[in-house]
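Letters A, B, C and D mark the chains in the order given here, with residues in each chain numbered from 1 onward.
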Amino acid sequence: MSEPLTIGMLGYRFMGKAHSNALARLPMFFPDAPAVERHTLIGRDEDALADAADRFGFSHTATDWAAVIDEVDVFYNLGPNHLHAEPSIAALEAGTPVLCEKPLAPTLEAAEAMRDAAAAADVPAGCAFNYRFVPAIQYAKRLIESGDLGEIHHVRGRYLQDWLVDPDAEWAWRMDADLAGSGALGDLGAHTVDLVRFLVGEQAGDIERVSGHLQTFVDERPVYDDEGTVEEHRPVTVDDAYSAQAEFANGAVGTFEASRFATGHKNDHTIEIHGSEGGLKFSLERLNELEVLTGESRGYETVLVTDETDPYVDHWWPPGHVVGWEHTFVHENFEFLSAVDAGEEFSPSFDEAYRVQEVLDAIERSDDRGAWVDVA
Amino acid sequence: MSEPLTIGMLGYRFMGKAHSNALARLPMFFPDAPAVERHTLIGRDEDALADAADRFGFSHTATDWAAVIDEVDVFYNLGPNHLHAEPSIAALEAGTPVLCEKPLAPTLEAAEAMRDAAAAADVPAGCAFNYRFVPAIQYAKRLIESGDLGEIHHVRGRYLQDWLVDPDAEWAWRMDADLAGSGALGDLGAHTVDLVRFLVGEQAGDIERVSGHLQTFVDERPVYDDEGTVEEHRPVTVDDAYSAQAEFANGAVGTFEASRFATGHKNDHTIEIHGSEGGLKFSLERLNELEVLTGESRGYETVLVTDETDPYVDHWWPPGHVVGWEHTFVHENFEFLSAVDAGEEFSPSFDEAYRVQEVLDAIERSDDRGAWVDVA
Amino acid sequence: MSEPLTIGMLGYRFMGKAHSNALARLPMFFPDAPAVERHTLIGRDEDALADAADRFGFSHTATDWAAVIDEVDVFYNLGPNHLHAEPSIAALEAGTPVLCEKPLAPTLEAAEAMRDAAAAADVPAGCAFNYRFVPAIQYAKRLIESGDLGEIHHVRGRYLQDWLVDPDAEWAWRMDADLAGSGALGDLGAHTVDLVRFLVGEQAGDIERVSGHLQTFVDERPVYDDEGTVEEHRPVTVDDAYSAQAEFANGAVGTFEASRFATGHKNDHTIEIHGSEGGLKFSLERLNELEVLTGESRGYETVLVTDETDPYVDHWWPPGHVVGWEHTFVHENFEFLSAVDAGEEFSPSFDEAYRVQEVLDAIERSDDRGAWVDVA
Amino acid sequence: MSEPLTIGMLGYRFMGKAHSNALARLPMFFPDAPAVERHTLIGRDEDALADAADRFGFSHTATDWAAVIDEVDVFYNLGPNHLHAEPSIAALEAGTPVLCEKPLAPTLEAAEAMRDAAAAADVPAGCAFNYRFVPAIQYAKRLIESGDLGEIHHVRGRYLQDWLVDPDAEWAWRMDADLAGSGALGDLGAHTVDLVRFLVGEQAGDIERVSGHLQTFVDERPVYDDEGTVEEHRPVTVDDAYSAQAEFANGAVGTFEASRFATGHKNDHTIEIHGSEGGLKFSLERLNELEVLTGESRGYETVLVTDETDPYVDHWWPPGHVVGWEHTFVHENFEFLSAVDAGEEFSPSFDEAYRVQEVLDAIERSDDRGAWVDVA
């Protein structure tokens, strides 16, 4: 047995926890996955970092990513968006495989630099679009690839949350254009565009043209001190919601939307596709299910995608024993680390994530110009 | 008791049947409705017309609408779209109240002429947007008016059908630009825009700007002879599907869509609204229900809008005894005929229908130009 | 054209309205139905009766059913349960066809007498189990008959209402054992047992044994005067809810339940059937839909039973234009009057309704004895 | 920091995997949980056992449970039902806390002995009814305890699977009365009865009387050799499905059912409760949701039970990030090990599990006698 792959991980909050958990669970459920060692956790706040390292099972910590990237076998970049480019590029230049959280970068320029760095490296550079790894999404992909939906006519994607509908909700880095790039568009829309490209990219072709609309409902947000008193207000410089229309190469019509103001929706990412022979519908809040219309069926059938023959399911539990959101990270890490171990490509790659970024950028350009724009 | 109002009705197919049925049912369920006499049914094919008149309870038939419009008390214009303007205007000029099917006209110019004729007349001129008269929609209107949804942020409307997804489906007048004006946009989108204006028009204000997209997936369609052999192919000169983004006066974000290619959907008109305090969702295929989020609720509540206190319901059956699509016509005819009898305004008026047409026209203009356009 | 069939109708409240409406609608939608004349409406309160006759389109009224039954061509018995037997039997003895509301009678003895009277007559005697005539139920019947569900293993039926959950809800004849026979069992359970027998009677055979449970949660109810003051309390001598287990001839397992205390349910009659090859689910509150599992499907498919090829639908509207509760009465009246006109059998007959009553009676006997009992 | 609790675990298949995973996940998500060491895995097949120990993170294996029970700090009994009593009792007699899988035992006698052993021990003896630890179920419990549902009138529980609907499905120990006790009743019904007692036990009181029905649809099943050829047929001596009616101390009506023949259902455990003030509905296949009717609501509200304030959720992910079936085991193990560590009671205890067994036994007795029987 070979040495375990050592992991350096930048970021120890939400995504740090999600990926650490995934790494911890691989041996029991994916015995074929390469062995890994959670080696160094990277962050700025040493106390919080030490605490997280202890909890997440890392043996070392570091406050300087530059010192880590060539000391580990794999680099996970889970920091905020404005920290995606520099460390990822440096790691790739050091020959270290990178898994970077989405969206790839806050700007198309930064994303381009990352894509070029990945092209120049001969190690995998992956972008962590985890929703590709929902069993029901992989099952949907199989259906589409096998032609069960026929020619694709309609693609609909929307991602609804409501955590900002209260104007007193606190300011955060995700609301700052310099730190985040964009708002709902980059945070949520990136997932939608990636899933859509993944699912119908081969059948419907590229998204060629878009018309976009970004809206900010609340222009500034409070920052609270420890007693809950408002210390100051900071400007919201990103979108609270976006919508877009899209035209695919084959003429299919796309409509996309995301919001942080969609009252009553917590994490509701839905994808609907209509083809000449069938259709399907997916909702992240019911991620074990896929609604499917194919063949001679008259209505949509609710498929519980938990059978042994369903993607990844044989690794887990018997039929009907549902999995959760976090399982997508286990599957994603399995695929990424297997690619690293085998020296193969990982998909979604930086190049694919760049293509997503092109669409997001086109939506922003369209919003600026008040006109349809070409994506590339 | 006064004399019954005599009705002259142009059109004896789908809409003729729906309105005749509504007229026939009023006495039993809406005893306060003015009495009517189904007097003259108007059409071109004398045999089919005689048969329909017999079935629909009309005592006379006529092939020339011009000879009827000043002989009856009320004129129903249920003909194809290109026949909306001339007879309706002539009737109004003769002082005869008009109920005209939607969309008001195939072109904005024709709609404008109709609106002006209505303004010059002092009798009601109504456009038959029947979905306003679904009890659940009226109930939704009450909730919005009472402020239960707060400030409106998102409005989503889509109308999905699939009757054209088969490329061998027969050509019909609805696919011809001269006869129908537009396709899914005018036929289905008109309903969506009217409902949206009805529901949130006061809270969100007018739709000020739109970006539109029209798509035709199948460019020509067969015409079959009686044996089912293809006689010829005729061009499809309208849209099979449209999508649109909209901005309301208050900044609310709208997304609209309709298709005749949405596999597995028969008559699925859905409206979703998110406000700062709540939200609601409606689907025409489950028209007795409204999903509602208000107050302290955590999730959407499925309200069966069939209680005695619900709009129109006390006229029908006890709680839980659901009504159907056709009941919307009974309610609509009750309101229209009551307005005629009382000499009052009827809403939706030609003016309101013109405002809908402005939005549809703006969507078409936007599609032509590839740019956002102002509605008015 | 022959003379219209004259109808004498006993009862002018809820069911009187439902059947009168059905009769009124037949000519427009079922042109093949025999012509009828709403002739005599029968009741006790002359003022209310006159008013109802006017509204329901009857030309005569009468306070003595005995004087009517041999003067009309068809007798509709829509009175309270304790008035089902005597007038129906008298009518049949006079050679007048009878359509009687359900349940057939308050006691098995009365039902037996009615069945025998029907057997001795050579005119149709029908029991108005209207839910058989829901298009989705007829469609379900087709599926089961064609073998699509295979061998039947499970049948589940429940009928949930909540109009008595408030202990201050007013006393009514439906809560009195002498007038109504039983409570939820006879009023709601009769529908369930009839539907189940209709749907699986041929495949699963008869219900051979049952175990029943009746429960009354509130023992007495107020009677209010016109000012809403409680005048007196009257005892509730019927069940508020029942449950039952059943064994079919083929070994299939049945579970039935009904309640007037099922908070949040208005008129929720659900039927679920599992066979070796498939399954189906129906809910009366969404009566245009049927959930179906057959063949290679993995999950239940939601079929909107509104296509032209679906039972009765071609008489109404295009696909996706949903019908309501009342349409079941139109279909039922069409079938019954067609049978009268043709001198043929009508199903459900008094004999079938008696068989339902046997099951209800067995449930009551089982509850009394605390033991399983044989149905016949 | 104290020494970790050493775990000895009997059983290394489905339940062994579920509990091992739970133990492995505690440190990252429940830092307050006592530390544990997966010490000895116990089974008969040494090769399979070694492989499982490696995968599940156990450092030792043993083939004789008797040699382990007093060498470890905690004993997990996850073996088949007929192995529940002897090792669990021996462990308790040795002063070792026990967590035993459900149902407690194949017979009431064995369950009684286990209950008595637990009463005599002063260490926790828990039965692993994991569905109590679904966040939505704990949330439901809170609602009921706070009186939001009022007086309980109806309780409905059913557990539907379909893995035996194919008569060629292979024989397994779960189909043998000696090894399993009963079939669907003990395997699935035990969960239902425990959940029902947990949720409404205080409000509705004990289940006092039941009427039960057990049915076996397929009397024998094939055993296949490695090539898939039928070697022999073995008799099925347990029920494929059961149904039951129940009466609670307060008069509430219960109906229970489970089946392994419910086509199209994989692991569909539903609980529905109606009270005088509200109601709720739960389905295991959508375990992150609870349908709730309370207060002034008109219809059931779909609550996504994933907020920070919901039970256990703050240990996991942000709102809307759903958990899976396996998380119930993490919660259960957290509670059990915390109780062990603190020397406190754990619920569900052997005594509570015995009370469940009493109900199951009464259902069997009722089925034998064809009569209602008292539970205790």
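Assume contacts are C-beta pairs under 8 Å (C-beta built on N, C-alpha and C of every residue); 3 or more make two chains touch, one makes a residue touch a chain.
All values derive from a computational prediction rather than experimental measurement.
Graph distance from chain B to chain D, where chains that touch are one step apart, equals 1.
Comparing the CA-atom centres of all chains against that of chain B, the greatest distance is found for D. For this pair, chain A with chain B, the centres built from the Cα atoms lie 42 Å apart. Distance between chain B and chain C, defined via averaged C-alpha coordinates, is recorded as 36 Å.
Each of the following residues of chain B touches two or more other chains: 297-300, 304. Touching chain D in their complex are the following residues of chain B: 292, 297-304, 307. Remark: chain D residues 149, 153-154, 156, 162, 165, 211, 213, 215, 217, 241, 243-245, 247, 251, 253, 255, 257, 259, 261-264, 274-279, 293, 297-300, 369-372 touch chain C in the complex. Note for the complex: chain C touches chain B at residues 14, 17-18, 20-21, 24-25, 27-29, 31, 55-57, 161, 163, 265-268, 284-288, 304, 306-307, 316-327.
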